[in-house]
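To start, I am sharing the structure in question, which I have written as C-alpha cells.
A, B, C and D are the chain letters, set down in written order, and residue numbers restart from 1 in every chain.
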Amino acid sequence: MNKVAIRIGDVAFANPIMVASGTFGYAQEFDGLLDFSQIGAIVTKTVTLEPRTGNPPPRIWETAAGMLNSIGLPNVGVEEFIAKKMPFLRNLATRIVVNVAGKTGDDYVRIVERLQQVDGIDAYELNFSCPNVKQGGMSFSADAQIAERVTADVRKKSQRPLIVKLTPNVTSIADIGKAVEQGGADAVSAINTLVGMAVDVKSRRPRLSTITGGLSGPAIKPIALAKVYELCRKLTIPVVAIGGIMNLQDALEFFVVGATAVQIGTANFINPACAAEIAQGLHGYCRAQNLNLQELIGSLRVEK
Amino acid sequence: MNKVAIRIGDVAFANPIMVASGTFGYAQEFDGLLDFSQIGAIVTKTVTLEPRTGNPPPRIWETAAGMLNSIGLPNVGVEEFIAKKMPFLRNLATRIVVNVAGKTGDDYVRIVERLQQVDGIDAYELNFSCPNVKQGGMSFSADAQIAERVTADVRKKSQRPLIVKLTPNVTSIADIGKAVEQGGADAVSAINTLVGMAVDVKSRRPRLSTITGGLSGPAIKPIALAKVYELCRKLTIPVVAIGGIMNLQDALEFFVVGATAVQIGTANFINPACAAEIAQGLHGYCRAQNLNLQELIGSLRVEK
Amino acid sequence: MTDNCDSHAKHLLNCRVESLAQVAFNTYRLTFASNWLAEQAQPGQFVNIAVPRCGDILWRRPFSFHQIDRHSGACTVLIQVIGRGSEALTRVQPGEHLSCLAPLGNHFVIPAEIDELLIVAGGLGIAPFFFLLQEVAAQPYKKVLFYGAASADCFCRVDELSSLTSQLFLTTDDGSRGEQGLVIKPLQRFLAEPGGKRRLVLTCGPTRMMQAVQNLCKKYHLPGYVSVENLMACGFGACMGCAVQMIDKGLSAKPFLLACKDGPVFPIDEIVIDE
Amino acid sequence: MTDNCDSHAKHLLNCRVESLAQVAFNTYRLTFASNWLAEQAQPGQFVNIAVPRCGDILWRRPFSFHQIDRHSGACTVLIQVIGRGSEALTRVQPGEHLSCLAPLGNHFVIPAEIDELLIVAGGLGIAPFFFLLQEVAAQPYKKVLFYGAASADCFCRVDELSSLTSQLFLTTDDGSRGEQGLVIKPLQRFLAEPGGKRRLVLTCGPTRMMQAVQNLCKKYHLPGYVSVENLMACGFGACMGCAVQMIDKGLSAKPFLLACKDGPVFPIDEIVIDE
C-alpha cells in the first residue's frame, strides 16, 4: 500500500515531494541526474503569455545559508512552452504542474485557457508572488480582493486543480490564503522568496541588477514554517509547503505543522537528486514508523 | 576630528554603533568584556510598566545562520529599572537609549512620563514590534494609524529623542515608518525579528513554548537590508539599521543603503566585544578611506 | 553553593589547542592552554567555545570543565559528538586556537561537614565530576559514584574515577559492563540501606535520570544539587534564553532562573527538571 | 566550439581526494579520482564541488579542469583561496570524499587548420589552459602563451607550460618575474608584428584583461574565445542565474546566454564582458 500518496483537487500524487518552480527548469537539465518517477510532481519554471528574456546580470548572490535571485522569469512564452517543452515533460512518469504568471488577471486566464487544450498537464500553480517582476506581480499577492477575483476567473476556465502560490511579504498570508480559497483554489503553495538585498561595499553597488531580489534557502526555513503553520490553521484546502527544505528532516517539519505536500527549491541546485532522495527517505520513514503520511500531517502537539 | 559622529534628534552620538535591545541586558553582564565608551549607545532590554516574568522554556532555538527566540520581554518593570539598573547605566561613558514597550498606547505614555524624571537617559526606543508578546504588540506595528497616534502621544510627553522600532512582518514597512515620522518620531529603527518557527519531529512539538518566535542573526541580513533601504528611500528622519550584523563589512552595507546608525544584536551573544570591535573598525575604515561617515551614508550607486 | 561568580571573572580568551584524543565511543578529550583559566575555574563551571569555520553554526557550544591542571594551565573538556558543532570541535588540530568565553556559571560548593558525597552521573554527565573529585580528593568524607552509560565503550576514565572515589557503581543499558539497567537502581539500593547521616547528592545527566534523582532526594529528604544542560545562546546572562523553571513554592516572584548565570548548578528541590 | 555537451553526460560523483599541494602563493592543486570523469572531461569544462562541512555555504564551487590523467583517472583542479569556500576546499585531507557534479559546460574546440594558437591568461585564468595545451600537444600549429600574474610567486607550473608552448611571455604587476606590467603589453606587440595568417585567440582571467583582449581581437579581426567565471548557483542550467549578456547585433531574440551551459567558453565577439 502506498502510505505517502496525496490528493490535490481530484488529482492523486504518488508522493508529496515536488520540485519548486524556477529551480528545476523544464526538467531537461536534470535528465540522468535523478529518476523522475520517484518524485511526486514537477512544477515547471514560470510560463508567461509572451516570451520574457529575464533581468540583466548580476542575477544571483549567495548569502548566509541562503541566496538572492532576481532572475526575472525568463521563459519561452506559452506557445513555445507547449511546442518545445511539453513533449519532454509529458513523457515523464510523474505529475506535471505548470506554473503560470501574468502581468494582469486576464493574462492568467488566457494562459490557462490555452493550456487547457494541452495534454499531459496535471495541475496549475498560479504564481501571484514573484517579487522580481517589476510590472505587477506583487499586487496580486498582497491584495486579497484582487487575488480572489483572479483565482475565480481562472477557476472558471480550468478543468484542472489550481494551486495558488503565495508571497510571504505580507502582513497576513492567511488573509490572502483565505481569499484564494474563497476564489476556488484547490490548494495554496507557500512560500515564495522573501524580498532581500545585498551590497558590494567596495563598488557601492547592489549585488543584483534589480537592487532587491528574492531570498531562498535554509535561512528562510523558520519563516516558511511559521507561514505554512498559519495557513494550515486558517484554511481548509491543502497547503503545499516551500522554503529552505534541504533534507527529509526539514520536509517532515512541514508535514508535522500541516502541509499536505512540499516543494524542494534551492536544494536542487546543490544536490540535483535531492527531491528523489527525500521522497525515498519519506517512504522509508513511514515504513519504519509504521505510519501513513496522513497521520503525520498536522500532528503537531501544541497543548502543553 | 570625529569622522563618525551622528545625531538623532538633538542628541549627538560619538559613533553610530549601538547594541540592540534584548541582546545586551542592562549592560552589567558585559562589564569587563568590552569598553563601553567605545560604542555609540546601549539600547536597554525592553522595559515595561509592570515587571514581567517572560515566557516559559524552551525560549530559544538555533537555525541555519540564525536563531529563534521567544523570551517574552522578562524585565523588572520601570520602577525597579530606575532603582536598580539606571545607577549602573548612567555611569557608563556612552549614550543610554531605553527601550520601552506596553500593552496599550497609554502604557507607552506612562513609562516615558516616568522616565522623563530620571537622569542619564539619552533617548527612547519604542518597541512597537515584539512578536513574542501575546497581548498587543503586533497591532502597534502593523497598523499605521495606531502607530502614528501612539507616537504622537508619547512625543508630547518626551523631551528626549524618540526612536520607533519597526517590525518587518508587514506588507509595507515604509507605510508604518511614514506614519510614525508623521507622529513625530526622531528616527526609526528596523528590523525587529521575523516571525519564525521550528519543530521537533521526534516529539511533534514546537521547539519554542510559544510555538512561533522571532528569527534573528545573519540569516535575516538580506531581508533587513531591503527593509532599511526601503525606509531610507521613503523617510526623511534617520534610520537605525538592525538585522544580522556580525562584523564591520555587514555594518558598512547598511550605511551604504542609507542607515544613520546600526545596532548589533545576536552577534553580542557570540562575541561580546563585537560592537566595540565594529566601532573601532569603522574609525579605521573612515581614516583609511579618508571619508566621513556622512559621505558613506546613502552612497549606494543604483544608476547603471 | 549557587552563588553567582563575579561577573568580572569571565573573559574572552584565545586558547591554543594542546591535544585532542578519543577517550570513549564518540567522545573526545580536548585540552587547551590557559594559565589564567586554570587558576580561576571551579568544578561545575563551563566554557563556551566558538565552533571554528562553521558560519551557519551561530552559537558557541558550552562544555563543563572536566579536568584542570592548575600548575601547567592545561584545561580539559570532554566532548561527546552529538551534532555538527561538537563534530567540528573534534576536528581541530593541536596548535589551532579556539575562542573561549570562560569561566561561566556557578559552581559546586561542598560543605566540609558532610559524611557522604553521592554523585550520580549519566553518560557525559560525568564530565564535571572528574574535576570535582580531584578538587575534593583530600576531603575526609566518603565519595560514592553512580555512573551509568549506554554501553561499556561509553565509559570515560573509569580507572581514574575509581581511584578518586570510595565506592563506584557502574551500570550499562546493555549490561556490557557493570550492572545492567539504569544507574538509578544501585542508587535506590544504596539509599535504602542505612548509611551516613549527612549525605549530599550531586547529579548530572539525561533528564529522566535527573528527575529520578530528584524524586529520590525528596523521598529520603536529602539535600542535592543538579547541573543542567539547557540550550544556551550566550552563556553569560545576556539573552535570557536558558530559562529554568522554579518549583512553585508560592514564595518567589521570580519563576525563572537562568541556567548559565544562576546555574548550571541548582538545588535539586528548587527547579523543574525538563527537556 | 560552443556546442553544448550532451545533457546526459553530467553526473553527481563522490570522488576520493588523492592529493592536495600548494603550487603558488595562495594556490593549491587538488587531485581527486574518477576514471569516468577522466575519460569524459574536455578542456574548458568544469566541475562543481560541494564545500564539505560548511552549512552556511550554500552553493557548490566551480573549478576548471586543470589536468586530467586519462589513464590513471586523476582529475586535478587548481584552487586559488579567495573566500571561505575555496579556503575550506584547501583543507580537505587525502582519503576524504568530495561531492563533484561534472563534467559541466561546453569546451574549447580548436580547428586543426590554424597556424597559431594565442592563449592569454591572467592569474588563475591559466587553470584550463594547462589541460588544453596537453590535449593539443601533438598539433602542428604554433602555441603562444601570454601569462600574467601579480607577482613571481603567483605563477603556476611555468616550466611545464614552457615545454608545452612554442613561445611563452610572462608578465608580473610588480616586475618580480618576466616583463613588468599587464599581460596585454606583450600581446599587443605580438599582434602588431606580422605573423601567422590563421590565428586563434583564447583568453581567461580578470575582467579588465579579457575586455582588452576582446578589443584587440576586434582591432585585428581575429577570431577568439573567452572563458568566463560568473557566479553560479547550480552550474548546469537550472537556476538561470549565470546570465551573460550578448552583444546586441540586432539579430538575436535571445539577449542572454547561460555561462554554465552555453559557456563557459564563448566566441569573444558575442558577449558583453562584465564584472
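Keep in mind that, in the parts below, a contact is a pair of C-beta atoms (placed from the backbone, for glycine too) under 8 Å apart; a residue touches a chain by one contact, two chains touch by 3 or more.
For clarity, every value in this text was computed on a predicted model and none was experimentally measured.
Looking at chain A and chain C, the chains that touch each of them are B, D. If each chain is reduced to the centroid of its CA atoms, chain A and chain B end up 34 Å from each other. A straight line joining the Cα centres of chain B and chain C is 36 Å long.
The distance from the centre of chain B to the centre of chain D, each centre being the mean of the chain's C-alpha atoms, comes to 47 Å. Counting partners per residue, chain A has 64-66, 203, 217-218 as the residues that reach two or more other chains. Residue numbers of chain C whose C-beta contacts span two or more other chains: 55-57. If touching chains are joined by edges, the resulting network of the protein chains shown connects every chain directly with every other.
Chain A meets chain C in the complex at residues 64-65, 218. Within the complex, the chain D residues that touch chain A are 7-12, 50, 55-60, 99, 101, 230-245, 253-256, 261, 274-275. Touching chain C in their complex are the following residues of chain B: 22-25, 28-33, 45, 51, 53-62, 64-67, 69, 71, 74, 203, 217-218, 266, 268-273. Chain D contributes residues 55-56 to its touches with chain B in the complex. For chain C in complex with chain D, the touching residues are 53-57, 84, 88.
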